[in-house]
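Look for chain A in each of the two complexes below; its partner is chain B in the first and chain C in the second.
On to the complex of A and B.
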């Protein structure tokens, strides 16, 4: 009987262990290894790779595009994050009072999360931000705000801000849903007693809701930060030129260095596979650091209910 | 009832400002979608003259996109990649999750922790060696490569979700199956697995949406006209239309791309939004 149980466990667990080793561990280690070598292209025979020590990393920090790409990620993480979390929390509070149409509103705010991001980008770029018939152009012209109506939203000067607004707009629904369901789990008595004691609504939000949402916030912030660090698709699709520095992010930079960046009429970057791997390793380190910081900060005085 | 009155004054009192802002937010979203659908049924010059739909419905935009731009091909590619990998990942991850959730064995914690951290590994960390491995095996033009990769990338989240799901199934059920003479693996496949359908359906909906919208791996392994996914196909069409200046057909392509997920969302919105929190809040 024991032997049969062991057989079952082997049959059930070994395949995922194999997948873990082949698909997650080996490639990660290989990427770290490659980041210490110089190689011209992906097809180059490993025997011809040239050991480069830390020079890929040194070059990386000297590359202005690399620095720019992290500044962009930081802006998305902090400025975009603040906006998304404030709006999501505000919407969640609004929806926690069930009113007529609240379910439909919840679904509509969440909707952008299930639309293929490339389609979302196209809707923003080709309609909302369009300068001839676009929604913003028409709306601001109608309101006689001509300065706003004439802003070239997708020009290189505005592209990053426009991209961030569009991305954040779509993200709000996800965090709203997470907060909403956490709020619904808080026992109603807490609010009843606080109301009996004469607490104001804002006071209750600050002293009851916020502390009890601490764990949820930690999870949500982790998700947001991971999304910001791994930001890729929008950077690649939003700008007509996927290699433009204004909308560059690390994952996209790495992709261009490794696979060469020439999709549609953009200029071709010089391929530097080892350097690209260094960018990837640094990104992975950033994930670990951010993860540890959030865990460390979030574990102080937890509330149970 | 006194109690109800208090509830009304505290948590569930409505927030008028919030409702106003949310209404505007929703109007913005719905208006955009309606405009895009209308534009896809107009002509390009109507779009530029702000007179959409003024000369009747132009279904020829859709005909053009469907016939000349291969969008059906991309659609079936996406369906093939997504459906097969969502199916495969269950058979890989469900037995393992069950074993981890209900049996004590050496290395159990290790496997669980390993997969929890795998969720955090960025795909850029994997893509170069994986690309080289696939190239060395001579498979870079094979449709199945993306299916296998999607299956593997979904294992961490699927296990994370299913481990917590299987630990909610009472142990008595498994024990009574064993008493009746089932082997340990038969007990799983014949008794537990059918009972786990609700969890499997929820995680599959998530896997489906994630894979359907996936972009990075597809860009590496499926960026040629016969293997493209719907997302990459749309990007290629958008790039093409920008040069040919056919905006009406461009919007028709956008509509064809978001329609399948939109329809799915209309029917499954409660389940999808409920699942978001099951996956996020429990962790």
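On to the complex of A and C.
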């Protein structure tokens, strides 16, 4: 019986393992391997690759774009993260109360998540940020807030802030849903008891809700950090020049190096596939490191309820 | 009620099944028809990877050409895959892994620079007679064939490997009414004349030049090509590092600084996201825009049929080595997969694609035809002589591309053009960063 069970298990697990090996482990190993070579294009015959040792990595750290791109990631992770988590938590707390329209509100806050970033970027850039007829311009002009109406949202000077506002707007709903579902699992008795003891709403939030959301927060922060490190699509499409220093991120640099950076017209760039692979490997290492740190920090004092 | 619903559903499903069955039955009809009059002598399957999506107008013209071809060659089946723009990334691995790709489309420059071995040498195609009985090398515009030859030479090849179509060139679009109103009687041929024209326009209350984020650096790129010559620009970009410590680069930046300080670039350039600036030109809010042929069709709806379009080539610059006849021609191209086993049928199909019917249909959509006989669309009519008189091809954006140019050079150029940085500051930063860049 035991043996049969094991055989059965094997049969069920095998396809998953095979897919994992073929589509995840093999490409990862090959990327690491390729990062030690120089090659002109992705489809080049491996016989023509040129061994480069660690020079791809050395060049990567010398590349001013690489450094700038990580500064942007850091800003996304910290500033964007703080904004998203505070707003998401605020919405989660507000909308966890059952009032008329709360469900509709939840749906509305979540809605931006189901729209593709490409459409979102077009909407923000063309209809909200536009300095002639955009929503912000019209709204703030109507309210006679001229300083706000005149903000050049689409200028390069404001590009990073504009991208963050748009991106965070889209992300809040996702984290709100995570928090909402976690909050619903907290037994109502805790609050009832605290209320009987005369605790204020804010006190309850601080002493009951927050501590019991610690595990959820850890998971959510992990998601957010992975997203920040692998930040790509928004940066790719938000600026017409994907390598504009204000909005560039490492994944974007990697894409340019591996696939070439042909933009709207016909400009074609030389590719540096090996260098791109080195950026990819570094991204992967960064994810593992950040994941480990979050796990290490978040593993103390687990509450059970 | 439930019964009625299930009945309706069942009926719908049956109809769906019938619909699914339909194509196969027509296909078998076609096959039987084929066996009846298979007299062209060609047979087999052609796999065609298109860079267009099936709903795009270009796809429509291509489909009609293929239909006409299949009608005349009933034993040949053309399997089209509407791959979209990603085709340039997919075609390499596909051909390398032995997948059949007989014809594919892309910007040929992409393929020449990434992997020219994907393309078959098709020099003999140009010698063959086209549908109108003339050799294709006389049908297709000389500047396009030259462009293909040049790209090949840069990639170390001889002969021709692609058939460019839907070409574009770069020119200064200008509003003829505004020029007339400002008393500008002749289009500028030198930078000084452009300066003078801008001053006159400004005096009349017009915004002289408008642009978008996507095209802002173009004016600078071509200035540099005029200043030090297009080959020197390519050399500079290729070598990197110290090569940027070049007086020509500083002069080009200074010219941009000068125009910026005189207020020739519209205020909106700072915040224009493509296509805002183009639209301002179409709405007659500015007099000039330096852009490619396709801007006219992108603007068609806003500009309307009566827009007073004028075009002139990028002027020469003081002390520069570049001539006014050095311009850009580019476009998409048909290419033949290097491993095709049905070259004869592939060539036959290509003759239909560059034939008058297909090219006229593209013209009808506002695209520029690739053949000599057909006129250019009215809005870009004045670009045709620029292309016809070309003596040398300048790459898109004068070849100023790549990670360093996108990440460092262009952002600083933009800053100078917006008056946020002086030419000297920008030059110093570019030179300093280039030294660190590997």
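Assume the second predicted complex is superposed on the first by the 285 of 305 C-alpha atoms of A that agree within 3 Å, B and C clash if a C-alpha of one lies under 4 Å from a C-alpha of the other, contacts with A are read in each partner's own complex, and residues count from 1 in each chain.
Note that in this section a residue touches a chain if its C-beta (ideal position, glycine included) is under 8 Å from a C-beta of that chain, and two chains touch if they have at least 3 such contacts.
Worth saying up front: this structure is predicted, and the values here are computed from it rather than measured.
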Worksheet entry | chain B versus chain C as contact partner of A:243, first or second or both or neither | second
Practice prompt. Examine A:112 and indicate which partner it touches, taking first as chain B and second as chain C; both and neither are also allowed.
Written response: first
Practice prompt. Look at A:19 in the shared chain and tell me whether it touches chain B only, chain C only, both, or neither; answer first, second, both or neither.
Written response: first
Discussion item. Contact-wise, after the overlay, does A:259 reach chain B, chain C, both or neither (first, second, both, neither)?
Written reply: both
Worksheet item: Taking the superposition as given, does A:43 touch the first partner, chain B, the second, chain C, both, or neither?
Response: both
Practice prompt. Quick one: classify A:126 as touching chain B (first), chain C (second), both or neither.
Written response: both
Worksheet item: Counting residues of chain A in contact, which comes out ahead: chain B or chain C?
Response: B
Worksheet, complete the sentence: So the chain A residues that chain B and chain C both touch are 42-43, 126, 132, 240, 259, 263-264
Worksheet item: Where on chain A does chain B make contact in their complex?
Response: 4-5, 7-9, 11-13, 15-17, 19-20, 23-24, 26-28, 30-31, 34, 42-43, 90-91, 93-99, 104-112, 114-119, 122-123, 126-128, 132-133, 135, 138, 174, 177-178, 181-182, 188, 191-192, 194-196, 201, 204, 216, 219-220, 223, 226, 229-230, 232-233, 236-237, 240, 250-251, 254-255, 258-259, 263-264, 273, 276-277, 279-281, 283-284, 287-288, 291
Worksheet item: What does chain A use to touch chain C in their complex?
Response: 40-45, 59, 62-65, 68, 125-126, 129-132, 152-157, 239-246, 248, 253, 256-257, 259-272
Response to the item:
In their shared complex, chain A is touched by residues of chain B numbered 3, 6-7, 9-15, 18-19, 21-23, 25-26, 29-32, 35-36, 39, 47-48, 50, 92-93, 95-96, 98-100, 103, 105, 111, 114-115, 118, 120-133, 135, 149, 152-153, 155, 159, 183-185, 188, 209, 212-213, 215-216, 219-220, 230-232, 234-235, 238-239, 242, 247, 250-251, 254, 257-258, 261-262, 264-265, 269, 272-274, 276-277, 280-281, 283
Worksheet item: Can you name the residues of chain C that touch chain A in the complex?
Response: 88-89, 92-93, 96, 107, 109-110, 113-115, 212-214, 268, 270-274, 276, 292, 330, 395-397, 399-404, 406-408, 410-411, 414-415, 418, 420, 433, 436-438
